[in-house]
Amino acid sequence: MSNPGKTLSLDENRLFPSDPTQRAIARRLYAQVAGLPIVSPHGHTDPAWFAGNAPFANATELLLVPDHYVFRMLYSQGVPLDALGIPRADGRRAPVDPRQAWRVFAERFHLFRGTPSSLWLNHVFHEVFGLRVRLDAGTADHYYDTITAALQGDAFRPRALFERFNIEVIATTEGPLDTLEHHQAIADSGWNGRVLTAYRPDAVVDPEHEEFAGALERFGDITGEDVHSWEGYLRAHRNRRGFFKAMGATSTDHGHESAMTADLSAAQARELFGRIVSGRFSAGEAALFRGQMLTEMAAMSLDDGLVMQLHPGCHRNHNPTLFRRHGRNIGADLPLVSEYVRGLKPLLDRFGNEADFRLILFTLDESTYSRELGPMAGHYPCLYLGPAWWFHDAPEGMWRFREQTLSTAGFYNTVGFNDDTRAFLSIPARHDVARRVDCAFLARLVAEHRLDEDEAAELAVDLAYRLPKQAYKL
Amino acid sequence: MSNPGKTLSLDENRLFPSDPTQRAIARRLYAQVAGLPIVSPHGHTDPAWFAGNAPFANATELLLVPDHYVFRMLYSQGVPLDALGIPRADGRRAPVDPRQAWRVFAERFHLFRGTPSSLWLNHVFHEVFGLRVRLDAGTADHYYDTITAALQGDAFRPRALFERFNIEVIATTEGPLDTLEHHQAIADSGWNGRVLTAYRPDAVVDPEHEEFAGALERFGDITGEDVHSWEGYLRAHRNRRGFFKAMGATSTDHGHESAMTADLSAAQARELFGRIVSGRFSAGEAALFRGQMLTEMAAMSLDDGLVMQLHPGCHRNHNPTLFRRHGRNIGADLPLVSEYVRGLKPLLDRFGNEADFRLILFTLDESTYSRELGPMAGHYPCLYLGPAWWFHDAPEGMWRFREQTLSTAGFYNTVGFNDDTRAFLSIPARHDVARRVDCAFLARLVAEHRLDEDEAAELAVDLAYRLPKQAYKL
Amino acid sequence: MSNPGKTLSLDENRLFPSDPTQRAIARRLYAQVAGLPIVSPHGHTDPAWFAGNAPFANATELLLVPDHYVFRMLYSQGVPLDALGIPRADGRRAPVDPRQAWRVFAERFHLFRGTPSSLWLNHVFHEVFGLRVRLDAGTADHYYDTITAALQGDAFRPRALFERFNIEVIATTEGPLDTLEHHQAIADSGWNGRVLTAYRPDAVVDPEHEEFAGALERFGDITGEDVHSWEGYLRAHRNRRGFFKAMGATSTDHGHESAMTADLSAAQARELFGRIVSGRFSAGEAALFRGQMLTEMAAMSLDDGLVMQLHPGCHRNHNPTLFRRHGRNIGADLPLVSEYVRGLKPLLDRFGNEADFRLILFTLDESTYSRELGPMAGHYPCLYLGPAWWFHDAPEGMWRFREQTLSTAGFYNTVGFNDDTRAFLSIPARHDVARRVDCAFLARLVAEHRLDEDEAAELAVDLAYRLPKQAYKL
């Protein structure tokens, strides 16, 4: 078969240092972790995939439309989201042939050179679909046809891929109003894939969330609590956390604009909540309420044992034109300057020394790694550091995370890798990148005689497998 | 001839990794870009040099007096600016023999070890003047004599050097009051060196600029507009932008204390401008006016197609003693904490999605690379990232720029290199450093199997040549 | 003797790059500095050790109890400070067998993998105590017995170790109320070890220090000045600075929450001081007073020639529960966002250009290295950069310090290494790490042809020995 494309290969030494000493060590370390099961304690895959186990539609639907890493880059280079078939805010789409959208992407695949998206996608192309030519304008149709055809087979249905990917456990993320019906369906189905949920209450915790008022109503309906009273509102959270936990959840997750926390008296909190439910509150009061709710969630974690995650510091929906046209999650979120030392103090003053409380911190502001997060995690018993997140989830970002937190937090105040993705097919690729980068990092420490290789080998397994299970109680 | 100095050499592998795998790749990549013409889309050379083509005076006048990178370091180690013959604020100078000033510099050349100045200067010494001993106290006179003698020859006149340096196009930077007579003279001369201007209106945009009031008067005179009315003032800008464009300009440049922008209504803007021209305004109003003017300039860019550059975040003239004695641009400028996500929002809300608008962002605050600039450029169609700037224009700074923007902005939302210099002779050295560092960076990606070498080779040419031409419409 | 542990070795190439070219250069550079005497211009060893020369008690008392780097990490992983025998705020301790505390530590020594503590401790174990097995649960008693036994011998008394460590000079740090009796005793003893003090007046400069009121009283008593008047208070400082200088001090040190300075008129300062001594002041006034005192201290430095050090940006005692239980210095200090360009301006406006004034700046916020500190030190004659400090005093932190300050400050606006420690035995280890990292850094510059090796060799000696002596006037 004559194929016009250039060869696509995945070198077995990819992401390892080229220095022969370091590379040899990295290879030996990686050999011990390459085959370990995937533990995915935080992410955004859709439980409906595993409940329904329906085949994915085509290359564009599977790999392009859900991946904001991909279409944000294309958009930055002048491709309208409509040309890719990204849904509008009203759920409708521009009339775009998915093959044509794929071509638009393929012609511009060079834009991703050096980015993590190219690492992940090439891994998927090569390992999942067996493609052996590089993606470009000339191979666009070959790709589209190959992928779309493969997706029709049973081996490419969600559960089959889950098993093929050697996923031991995966957590999805649901809002407090979610009925968890897909998780129930999975449990009822007899399939033994382990798909957990996590409690993410932002829509009923952030008074500035566009769905807050309606979500609060339904929060009352679903829990039978008077959620317009402070005590009832808190009980409603306890109620839903209990339900999520009963459905397998081991963690909660909180996406806040900042890591600011508060520790108001009950009377102050009640009064603040009154203003919040009245709808007449200032931006400062909204922020204070969110901060107070972090402390309340920590208190509940102490009771129910759910591990708390905090993902702060994102300016959501920065682009109002696109927000109006296409809604949320279309790549227009941007990192903000973040602060933790003063922001988390109210929460830590209450719960920082509790051995049974666990708070995993993330950041989009890397200047906090060495200045705040490492030193904090290296002191407070409750604090752990989540891995390099979102914009920083690339080999360079992972390396900076390790390099800037190691001296103060060590390895054992970190929690291993999170793929944090809705791009299901990229999960093995993402974990593979993380494992390779950690092995490369450890190899350097060994080559420079800061660790013995047996210690590095133990660490490699800890980072890839043991720490996430432990940190997330999986 | 017996020469007392140590050997000065420029190793052909300088700035390449010492790892043999990476070095070999870097050499191959560099071989493809080493001979490319220089595209210099932003800088501060003096167009009078190319208009008049007069010889440079001597080593001190050419290499020491105009280079604040050099004399700031000497000053930091106790050398008074007068000892180097740096002009006073009134234009006069201390009575210093230029040879003696050169000796002061030569005796302290070790202070520059490891700095970009030593890279650039040694390149100039070796390549432009053929010197083969290192500069130090013992070789000071040899240097002074060799350089000063060479400058008398026709081969060292500005136009001859321009051609020898293989400069395809260079942009200078002029204020809105500039008559561009030198650019006109160059055009009229029949010489085919391409020397463009760029529109830098700071003196009539920043109400706190010490020349603002007078500059505004002359801005009215030169344009024939009533620049004390908001509409007339804006028309005056359009007028001068048009003139600059007619004279070849393809870009504007804006040096602001911050990246804060505003998007006032016409009525609010008119009222604010009224306070500005009255001279009775607060610091906050001055800042707001500057922010509004960035948005106005963006609007004009959309009309006339001039590419907009923003160089924010510098505390100018930090040292008041030196400012009184020696004026501006004497090395006492310092970087400030910078913010872009919130600051640029008003401008981006209006023009962020315009395909025909182009805004190139620079920073002196590297913590914004991964936190703000990379993610922003990787989303907004109008945004591009200028290269590592000023204090960061060193191999380490260039490397950090790439490493911290690659994963979110890729390579194709960057614009190649700017030398941004008034040190004409250093231009080939600076471009050579940039090309070498980019090749070294790419070589690492290839050696770690993240790019194929043919992709890296294309990228090397893109970064050195194609992207600046494209980004700046050259 | 059958020993169950794994081999502990200190590779002679530790911390050197594994690239053979770079490693060979690093080894040659290091050979020239490995044996140089230790110059320790800033630290927290106890002068009583050298005055009394009593033996240290046991492994736990020597290596665990005084080292907050060690017990903060253990605490972060759930070990109560009481289990380690860390003193309570009232001076008493939980009844803990030191051997048992040592076991708790030994069982968790893997937590320190990759951290500077493991580098330092393994160096001490291997070089000072001749241990050849790794520390872990199985070797805990072997370690405890070996170390504790060794400490009984004369060779392990403080003065013998001082000599064995080849310390040319060491500075301790004392408060203004200190009688310096131990320094006097050392001077009177005829022992020729050079142990200097440094003037650290925080307790009488920071109105929010918990001991301020009482310390101020005693400050009056000890100096015979009316310290409730502004002029008397300043005279008291001059008095104590003079006494410290007479006792050998060459420097002062200032630990402030920020680098903010002020330059009030005498009348304003007098009025502010009145509010401070009245005890009725706001947080802003306390901060303003601290800022004013930095400028006053600079003025005094100009008179008496003491070198000024500023260690800003730390949130002390972040954990109120632990502060109540165990007091200060128990590992609960955290870095804060820091700013220098605007903060230091008032002080620099007055003294920035003084050739006889010297101010050494430190930071806990690494984002200031390239943004503020490097550019400032590369301009102001009075400014020098202290080395990577506290949380950043690790190989990676040292490397970032060099990499991010080199291009703007060069090497010669830095002051070599500070061990800044109260862990006496770790001093040779810490200096060795610093020397190795600097040699590795220089080796890379040589291998990439940015320095000649003879220049790097000179620099290696400058950084390890000449610069600290010069900067601190030792």
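Going by the order they are written in, the chains are A, B and C; count residues from 1 in each one.
Quick note on the criterion: a contact is a pair of C-beta atoms (placed from the backbone, for glycine too) under 8 Å apart; a residue touches a chain by one contact, two chains touch by 3 or more.
Remember, predicted model here, so these are calculated numbers, not experimental data.
Peer 1: Count the residue numbers both subunit A and subunit B use at their shared interface, divide by all numbers used there, and answer same if that is over half, different if under half.
Peer 2: Interface between subunit A and subunit B is built from largely different residues.
Peer 1: Please state the rotation angle, between 0 and 180 degrees and to the nearest 5, that superposes the Cα atoms of subunit B on subunit C.
Peer 2: A turn of 120 degrees brings the C-alpha atoms of subunit B onto subunit C.
Peer 1: Where the centres are mean C-alpha positions, what is the separation of subunit A from subunit B, in Å?
Peer 2: Here subunit A and subunit B have centroids separated by 40 Å.
Peer 1: Please output the residue numbers of subunit A that touch at least 2 other chains, ranges allowed.
Peer 2: 19, 367
Peer 1: If we count contacts the way the header does, which residues on subunit B are in touch with subunit C in the complex?
Peer 2: Residues of subunit B touching subunit C: 6, 10-11, 13-19, 72-73, 75-78, 110-116, 118-119, 134, 315, 318-322, 331-332, 334-337, 364-367, 391-397, 400.
Peer 1: Using the touch definition up top, name the residues of subunit B that touch subunit A in the complex.
Peer 2: By the definition above, subunit B touches subunit A via 19, 21-22, 339, 341-342, 345, 348-349, 352-353, 355, 367, 370-372, 374-381, 383, 403-404, 406-413, 444-445, 447-452, 454-455, 458-459.
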